[in-house]
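Across the two complexes that follow, chain A remains constant while its partner is chain B and subsequently chain C.
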Partner chain A sequence: MNPRLLVRARGMNPRLLSLSRSVGFAVVLLVILLAVNLILSPARFTPGSWGALVGLAAPLIGAAIASTPVILAGRGGIDISVGPLMGFVNAVVIQVLFLKAGISSPLLLVPAALLIGALVGAANGFLATVVRIQPIVATLGTYLILTGVTLTILPAPIGPAPAWLKALAGPWSILPLAVMFLVWWLVRRLPYYDQLMAVGSDDRAAYTAGVDVTRVRFIAYVIAGIFGGCAGLMLTALIGSADPNIGPTYTLIAIAAVALGGVSLAGGRGGVAGAAIGAIDIFLLQSVLTTFNVSTFVLQIAYGAILVLAVMLTALQERLAMRAR
Partner chain B sequence: MAGRNLFATTNARVIGAFCVATLLHLAGAVLIPGYSSPFAVRAMLVLASLLAVASIGQTLVVIMGGIDLSIPFVIGFANVVAAQLYGDGWNFVLVCGLVGVLALVIGGLNGLISRSLDIQPLIVTLGIGMVVQGLVLLWTAGFPSGSAPQAVSSFVSIGGSAGPLPVPWLVPSLVVLSALVVLVLERTPYGRRLYALGSNPGAAPLALIDPVRMWIVTYAASAFFAAVAGVLLLGFTGSAYGDVGQPYLFQTIAAVVVGGAALVGGRGSYLGTIAGVLVLTEINTLLIGLGFQPSAVQAALGLIIVLLVSLYGRERHVSTTI
Partner chain C sequence: MADRSALTVRDLVIAPGASAVTQTIASGEIVGLAGLDGHGQELFLKMLAGLAPPLSGSIESAVPGSSHKITGFRGAVASGIAYLPRDRRANGIFPTQSVLDNFAVSTLSRDTRFGLISPAARKARYDAYREKLSIVAPRPDAPITTLSGGNQQKVLLARALALEPAILLLNDPTRGVDVATRHVLYDVFRGLAADGMGLVILSSEIEEILLLCRRVLVFRENEVAAEISGEAMNTDSVITAMFGRAA
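This part shows the complex of A and B:
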């Protein structure tokens, strides 16, 4: 039932095994890409500019983390509304709350963003687990609604963002990321985490063992929504304004990052750390490609090709690991 | 017993979707003057036919338990490449042949990589689609040129007529094509293998179904029909545009699901997809006719998809699957 117990029964170090199995390839890729980046553009990657780099990568890492819990919950669980949610939070925080209502205090704006995320997540969870619409369709619905509403309240980009939020763009963007990791670390201490992984690996077995499958999945969507709201704040910090068109572009890249980070899209395998490493991989990849100063067309070709190659290598490595056992 | 029940529910979903399309049309006829005028109906039929062609592949792939995100990219690829080569003075039949073969290769690659390595087709088709789009952009330097031959334009033109019928040849051709697709799905070994593989990927190989071959063939077919849609769209819009397929990314999935298919595979029909296509076209036309902004139309579309699917497209509770 509990994957940890199973592993322990086979006499292996559970932590090491799960880590190497889930993020093995992504870590190798991370080291290679980091080395290539350091060789190609040492100026951009001096320790002094690491903070700025983290700031640039933060929204993607946040989006990847937000995409993870629902995928872990299994049975086709996927949240493609994470990107539009980030855009929606961005638009509401800047256009509605900051510019129109004049609210600038972080004590109000941060809870508001997280609350929007939680509500959207709860709506997704309700549709996907209680109404039982296939998750990709349910979140496609939310995707379209959020994109449409965002464009209605914010037809064109507008600025600026509050000063404290802009200050979160550089090195300080590590702060919201750290909070997200801390929250996930706490979730992992809870019995809920074991239930989530059990539901993700085999929901029928979990159900017969007395796990409330619907509740577990619903909570996963709410967590995804809260993380998505946090990622929306990070996006706002990075662009320092509101832009209705940026958010939705994060959805598919974030899911690609999650898959690259060894999270099985079938559920029950992987974790937030892997997703974050996958996102950093993609960021470093973009960075390598831009240093070659090629046209955006070549960039796109290389980007797509490396994405496919990376998931292929992940699959091959997984297959070899299975054979070795 | 499960087979009969499943069939009954699938039929119910298809009928439900057709009913919704009819109701939407009636609503439009009441609310908007001229909604049922011959020209408006003709325009809707043409738009629906284009979406129906693009959705053939998605239907097959979804029944098999996959998903194809490369459809919009292949549509754009066929659209731009056909226009460019025809503009360079190539014979149009030759151009179509080349585009078709290339599309088959792209789709085959999608299926081969996804199945043989057991990777989520979501990621593979997205990656391959991005590569294809990048290659096309590189080739045309981002500025595609050329146009469609007159024959293709009149084939899809809203004002065209097919013999005595007041619709362009596209519409009757689509009816024939749909009948063929339904026939292939219901009455051929390929169709039975497709449903078998989708319902139970583990058991299908034991019934001597080669999953890799099925995935290659089906994804190749999906890309091929996407390319057909791309060439038809070239005739419809008159000039090449690489992003012409982008609206079709989610619309094909929505049409398939509104038509009663399950994204986990094994369930669905092309007739259902046609119903889904009609529903989507009606909603779009109705909302634009009511004077909504494109962004509001999008939001309403999302809301209506969710509402419709919650009416008749619900999944079973886990307790009933044990």
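This part shows the complex of A and C:
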């Protein structure tokens, strides 16, 4: 699942063990949910339609990946503006750039989306790390601002999306996901990654070790923003139009996915692979419950219950592991 | 290299109303800092490390070729000063990270090949220090919390030494470390001094200072109450100075 793991897996190396331990529950849940889905709705889960399923899950996976770096940076770091950022990118790309300005080239729209993400991320980072507003409050502000701005430039859903973007909806949605994973894999090989994990693990120790804590956290917000911009494009591909109301719904589910995937909300533990598995879990759970034709309210209850259960089990696993040591 | 100064402290005031400290730490010298807890010796050490701003006065490092005023922590590191913090659990280790990551965090850029980290280069660098400090860590990629306290401390010392500092500031380096490891550390400290590094050791144990240092600064009420060196340095004289009675 994670290339670095394969590279580093000499026998059962302890890091692999500890990683499999932390995402272990999410993987087990993944297998169970996949089996249940296959039994309940074999037609929907035939290998032929897997591409379409990936397309449906892609924006949530993207949102979960985008939520991860800031959480890894620790000390209450969280970016709840990822969802509205996706909606904002969606609205700007379709309404402002495509329909009004007539720009349709991916060579312009993709950089524009990523740039918007980076700028929003930088604003979040500035508020949370330089001004030092608590991250949840800072990004709540961004959440509200982005939601409002999105509704201002796009009061009602509008379409269509450029053809190339719509083509990224089905099996090809694997492409932006693969790019995100590749980028993260590269980040993991940078000195920055070690600093990020050090800061997330213990920021005072990181400071005494000469790590520029503020800079590291700031960059985490920018990375989150860029990934969020990418997730916004995936959302646009999936709905093939612009809708001001969908984006914000991703925020909390994405954070649930991250927690489910074994990423510690205290920072310094976990990774993007776990977050992605958590997101797939939530997608499959959604799929199971939809087969039963339950209302969306029940869906919310299920998300909440699974999340609490998952975090409890992860904590339990960790405690058992500590005792085994 | 006998008396080449590595760190010069001029008129440093630690706390309001305290008299100024002027000191020179030569390379190849081990200077001890003693005093009852909270009498300014820790603050003094942190000021040398650039972690605490002095009320007045200046600290200058004279690395061969250039001299720098120490105004901040990063500047101190850049001018060849390394600091080993006191509270290992709160200020030192990264409990979720591996031994290797804990070792390399201060010197990450030295392992890069074309901008990317080379695990092999890092491992090679770590192995050199593991040998030197005789770190007992079966697996360098296991979490650092799997090591004993003494070995964790050695990894932190390796982290500081990896910066190749001219001056090493040690804040109670053997606290919570077993006796055998202590003696390994003492030998390492002596070896470093013999190689020309200047060491400043704050210790809560007088025996340790007597064993390692030829000169001790005894702090009382945020000023240097006594500077004792050579023959005059013994348990009685240090304790007397700590409690502020005339020697």
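Assume the second predicted complex is superposed on the first by the 303 of 325 C-alpha atoms of A that agree within 3 Å, B and C clash if a C-alpha of one lies under 4 Å from a C-alpha of the other, contacts with A are read in each partner's own complex, and residues count from 1 in each chain.
We adopt the following convention: a residue touches a chain if its C-beta (ideal position, glycine included) is under 8 Å from a C-beta of that chain, and two chains touch if they have at least 3 such contacts.
Here the structure is a predicted model, which is why all the values come from computation and not from measurement.
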Exercise. With chain A superposed, do chain B and chain C clash or fit?
Worked result: fit
Seminar exercise, completed: Larger residue footprint on chain A, choosing between chain B and chain C, goes to B
Exercise. Now for A:A198: first (chain B), second (chain C), both, or neither, which partner does it touch?
Worked result: second
Exercise. Counting only touches as set out at the top, which of chain B and chain C does A:T208 meet: first, second, both, neither?
Worked result: both
Exercise. Is A:G268 touching the first partner chain B, the second partner chain C, both, or neither of them?
Worked result: second
Problem set entry | Which superposed partner A:L190 touches (first chain B, second chain C, both, neither) | second
Exercise. Which partner does A:I39 reach: the first (chain B), the second (chain C), both, or neither?
Worked result: neither
Exercise. With the two structures placed on a shared chain A, what shortest C-alpha distance in Å links chain B and chain C?
Worked result: 7
For this session: Find the residues of chain A that appear in the contact set with chain B and again in the contact set with chain C.
Result: 204, 207-208
Problem set entry | Sites on chain B touched by chain A in the complex | 67, 69, 113, 117-120, 122-124, 126-135, 137-138, 141-142, 250, 253-254, 257, 262-264, 293-303, 305-306, 309-310, 313-319, 321-322
Problem set entry | Sites on chain A touched by chain C in the complex | 8, 13-15, 18, 186, 189-191, 193-195, 197-198, 200-202, 204-212, 264, 268-269, 325
For this session: Would you tell me which residues of chain A are touching chain B in their complex?
Result: 75-76, 127, 131-134, 136-138, 140-152, 155, 203-204, 207-208, 213-214, 252, 255-256, 259, 265-266, 295, 297-305, 307-308, 311-312, 314-316, 319
Exercise. Touching chain A in the complex: which residues of chain C?
Worked result: 51, 73-74, 77, 83, 85, 90-98, 101, 104-106, 108-109, 111-112, 115-117, 119, 139, 141-143, 145-146, 159, 163
